[in-house]
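So, here come the structures, one by one.
Okay, so subunit A shows up in both of these, paired with subunit B first and subunit C after.
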Partner chain A sequence: MLSRTLLRMGRQRPAAMLPSFARSYASSSNKKDDTTHFGYRTVNTEDKEKLVRGVFSLVASNYDVMNDAMSFGVHRLWKHHFINRLDAGMRPGALKPLDFLDVAGGTGDIAFGLLDHASKNFGDVSSTMTVADINPDMLAEGKVRYEASKWNDGSNRVTFLEQNGETMDAIPDASKDVYTIAFGIRNFTNIQAGLNTAYRVLRPGGVFACLEFSHVDNPVVDYAYQAYSFGLLPLMGQLIANDRDSYQYLVESIRRFPKQDDFSSMIKKAGFYVPEPGYENLTFGVASIHIGVKL
Partner chain B sequence: MFRLISRCSRRAYHSTSHPASNIIVNKRTPQGVLFSKALDYVPKYGFSKNSINAAVADLGYSDSIQSAVSALSQHSPEYGLVLFWLQSQRQKLYDHALNENADFHSIGDEYSRAAYLIKERLGYNEPIIDHLSEALSRLILPYNWQLSLEELHNLSDDIAFYAGDESNDSAWYAKRFLLSTIYVKSELFMLQDSSAGFERTHAYVDESVAAMKSMGYSYSSVEQWAMFNAISIVNLIKSQLTRG
Partner chain C sequence: MLSSGLGLRSVAQKRSFGLSVLTTAMASLMFSENNRLASKMESGKLHYEDSNSRFDKMLTEATFKRRAPEYPSHVPLYNVEKFMMFVGSGIGAYFHPERNEFIVGLGESTAIKPVLRRLQKQMLSDPVGRQILKERPRMTSTSLDLDYLKSLPPNTIGNTYVKWLEKEGVSPDTRVPVRYIDDAELAYIYQRYRECHDFYHSITGLPIIIEGEIAVKVFEFMNIGMPMSGLGALFAPFHLKKHQMERLYSIYYPWAIKCGLNSKPLINVYWENILEEDLDVFRKKMCIEQPPDLRAMRKLYFAAKKAAKN
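After this line comes the complex of A and B, so read on.
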């Protein structure tokens, strides 16, 4: 969901909000206990949530265009692939419907995609979907889309919830079957806390699935990819959306996100069982799918 | 007799950094648990999603666990089930070959042992014989070839090894290739076989292995003859050159 991330590029620019923080290439994200990274900048932990919220507060249709322009439409294929790979849904004759939770899924594209897949492939019309997002503006956008969609059929299967992904106060323990997060976990202040919470809210047998930007293995491809993302993306952001800094944050936060194996270890650390081979790379590793099973 | 097999089947190369593992399938992983249970339903539903669905319901999981099987695999869950079945049958063959009480250990000849193992392995197909063609059709799909062939090679390698193969030249490859061929041919033969207890299939395996043995004998004889003549020619040339 490049779209999701990009859609959230904010009215308030991070650079403008951070006059006193010089860019830092610190290798550790937490030099002191109370700081974290925001792209390549080091900021106070309590500020990051606000900053991310700020970055993602405006939704505009030209970001959809931007999105397609920047990823050449590939983000749609990734999303589609992600949903197919999960192949989630209540099978005919199964005992109970599934409870889905899509985190950082404000606009609902993954959520609706999952419901669509379940109903088309398994005739599942009873599983429930909770869309959680920290940003009320994004949720409002999701609701608008929901009301216009076929899922608004009076069954109230889809609910929208404003929640911090790291705590999920409103979601009880062991209450969900499938936890999905697409292009969202990168923006968590404490990623491990988010994973621990995912473990908490899932039932035994539940699946954690994450689609996120990742790292390209092939050095030649990586060179081209880095040149493109650092050289062209902020420029395109400036030209198309008139917002260079948010796109600078986007590429920096991608670069800062843990590598595939490291992220896989974090999922294991949260308590999940990770099936072999741990992750699947998409488009040379520009994005990857991670899976964890709560046993 | 068991001592004989363990002596015959000692591998020439031994790595201390990779302790020998006899675990072909890990039945403790979620996939292992799910597929093991699904195999119980294969005689009824075949290698289909229905078997997996029934296993999920039987184990009391919700359907979310199915994502654990599908999410990171390039292959369909049905193919995963077929492959799991093949691997678990190979594990069964392994356990049988190491069972001291098996008739297997009273057979001395390498080729007879190979034939015995092939027949034993084919016997494991009996409970699912109605669904075997379905499994084979999944195995030969172009995007599944690689893993299927690897599994077939592993099987023929195991058979050759337990039979006591000690070759270390091109015969090593030839034996494994021929055993794979015989296994596949016999399995296809078995699909058409209506005789009681698959007697005709057994006869077919014996015949094929005997042919392989005579082929090996013929090859060795030709090789011996060719070497003799080659050396003779060299010597002849040398002697002519010496005479000037």
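After this line comes the complex of A and C, so read on.
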């Protein structure tokens, strides 16, 4: 069970208990002793990746059912708006097809949505799509969906890769035109590294687009939103998916994510040009779209 | 002298006046704005803000906070949440009683404080109950040595239990830990109730099919009084076929009600210590009667039905 895994992995190492200045003298490799947040818990940095992978392995099988139940279907509206706003596709008369990269897109809904939009609006049937996810179980769900979909027509446009979004070793520099990540970047151990990698793999002129849960400014809406997310969502996880802890982690990780302006600054720091106004809030800021362009 | 200058002031007052002036002067020098800022800078809190401290601040800004947990797996819920869990798991348990998460949710949301306090009082007023509450034994797959139980003589509690497990094809799996009951001792009492469920099955001989479960639930409700078992006894039969309902209402409900009310409190039985006891002696002591074998009755019924068809 998740709680048992967390207890085993979430142990504080003795060096982490020392005050910060003593820590640098106490151990040779300071980086390894750093701790980070996992929801509201503090865990060792090197363990976070495993813990996140564990959470998504547990939620993979009813991922879409739970998404629909938790957001009452609104996540579909968000994703449609995201895809429409990106409006990506090889224009008729263009010379080269586009190379899409969907990160943390395990189950493939954004990936297939993008391909759909491109083919419906521009008649683009030659752009390639790479779906990368750190979790093999989510990727397996995506592959199953791909096999059953119309994209599995022998053209091999869609590839699935098990990759860590912070390094992405299998993807060469400047090889992608569109990098999308929906509801995935908050789970990265090092978000800035993920953004830097996004910059690396994009060609000049490439677009980075991120759809993520964010902060609600309006205090009244925020109160209702928090009561809902901390009260109802773990309960839904408990009753529908028999797993309260994973959904508790999910709502806590949403709180831990940087605010809209901070995240825009992080994108700028990675080297992207962020067009004004920097982000677009959806549903009062419950979700938000951040776009960056590599010039 | 100062005293002449300040009139009738006493020496003690003079001394405290001087001391307070001295203290004020020293403190205002030590804790002046510049000195405080310098101390902050020295300890690294003035100019450098690390992102972790910013995230920590975000944490304290949260408007939704839970009370501190009282035992390791505790999730302190608000009453609204408990009610929502009751509604959700109630609906789920009615339509899908085989799914454990609904039974768990329904049980823990209906085991309200008055019910558990009554049980606690019952346990505290009995010497064996007090021993159970003091030692807090947990039944895990390791604490019950199945091989040893198999080696016991046939009519003992332990051997009957193991034989029942094999007959029904279940294992003494670790029951889900209690999470939503506030107060550590009441949570233990509920955990004990959950873990002893299989023993109630084995001493009455009732199988794990839905009829057997309902019969055990009625028996438990009459004896222990957990609301969830009462709800199960009321609503679960609506799913059954006519012949099952007839059998339940005519034989097993009367048996369970009579037996549950007559027998001594089951919650005060220290099962781990009486595994070698003879089953009949135990039943007589506890005033429990053995109901008719449910699986045998079902076989008879289906055989009669087949014969009638032919």
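Basically, the second predicted complex is superposed on the first by the 256 of 295 C-alpha atoms of A that agree within 3 Å, B and C clash if a C-alpha of one lies under 4 Å from a C-alpha of the other, contacts with A are read in each partner's own complex, and residues count from 1 in each chain.
The working rule: contacts are C-beta pairs under 8 Å (C-beta built on N, C-alpha and C of every residue); 3 or more make two chains touch, one makes a residue touch a chain.
All values reported here derive from a predicted model rather than from experimental measurement.
S.K.: Specify the partner with more touching residues on subunit A, choosing between subunit B and subunit C.
M.R.: The partner that reaches more residues of subunit A in the superposed model: B.
S.K.: Contact-wise, after the overlay, does A:Arg255 reach subunit B, subunit C, both or neither (first, second, both, neither)?
M.R.: In the superposition, A:Arg255 contacts subunit C only.
S.K.: What is the contact status of A:Arg85 with respect to subunit B (first) and subunit C (second): first, second, both, or neither?
M.R.: After superposition on chain A, A:Arg85 lies in contact with subunit B alone.
S.K.: Could you look at A:Tyr40 and tell me whether it touches subunit B, subunit C, both or neither (first, second, both, neither)?
M.R.: Touch partner of A:Tyr40: subunit C, not subunit B.
S.K.: In the overlay, answer first, second, both or neither for which of subunit B and subunit C A:Leu95 touches.
M.R.: Only subunit B is touched by A:Leu95; subunit C is not.
S.K.: Applying the document's definition of touch, where does A:Asn281 land relative to subunit B and subunit C: first, second, both, or neither?
M.R.: neither
S.K.: Should A:Ala209 be classified as contacting the first partner (subunit B), the second (subunit C), both, or neither?
M.R.: first
S.K.: Is A:Tyr273 touching the first partner subunit B, the second partner subunit C, both, or neither of them?
M.R.: In the superposition, A:Tyr273 contacts subunit B only.
S.K.: Do subunit B and subunit C land on any of the same subunit A residues, and which?
M.R.: Correct list for subunit A: none, the interfaces share no residue.
S.K.: In the complex formed with subunit B, which residues of subunit A make contact?
M.R.: Those in contact with subunit B are residues 85-96, 98, 177-178, 203, 205-207, 209, 273, 275-280, 289, 291, 293, 295.
S.K.: Would you mind writing out the residues of subunit A in touch with subunit C in their complex?
M.R.: 3, 20-21, 35-37, 40, 222-223, 226-227, 229-232, 234-235, 238-239, 242, 244, 255-256
S.K.: Going by the contact rule set out above, which residues of subunit C touch subunit A in the complex?
M.R.: Spelled out, the residues of subunit C in touch with subunit A are 44, 52, 55, 58-59, 62-64, 66, 73, 75, 78, 80-81, 84-85, 88-89, 92, 99-102, 105, 179.
S.K.: Quick check on the complex: what are the subunit B residues that touch subunit A?
M.R.: Residues 29-31, 49, 53, 56-57, 60-72, 77.
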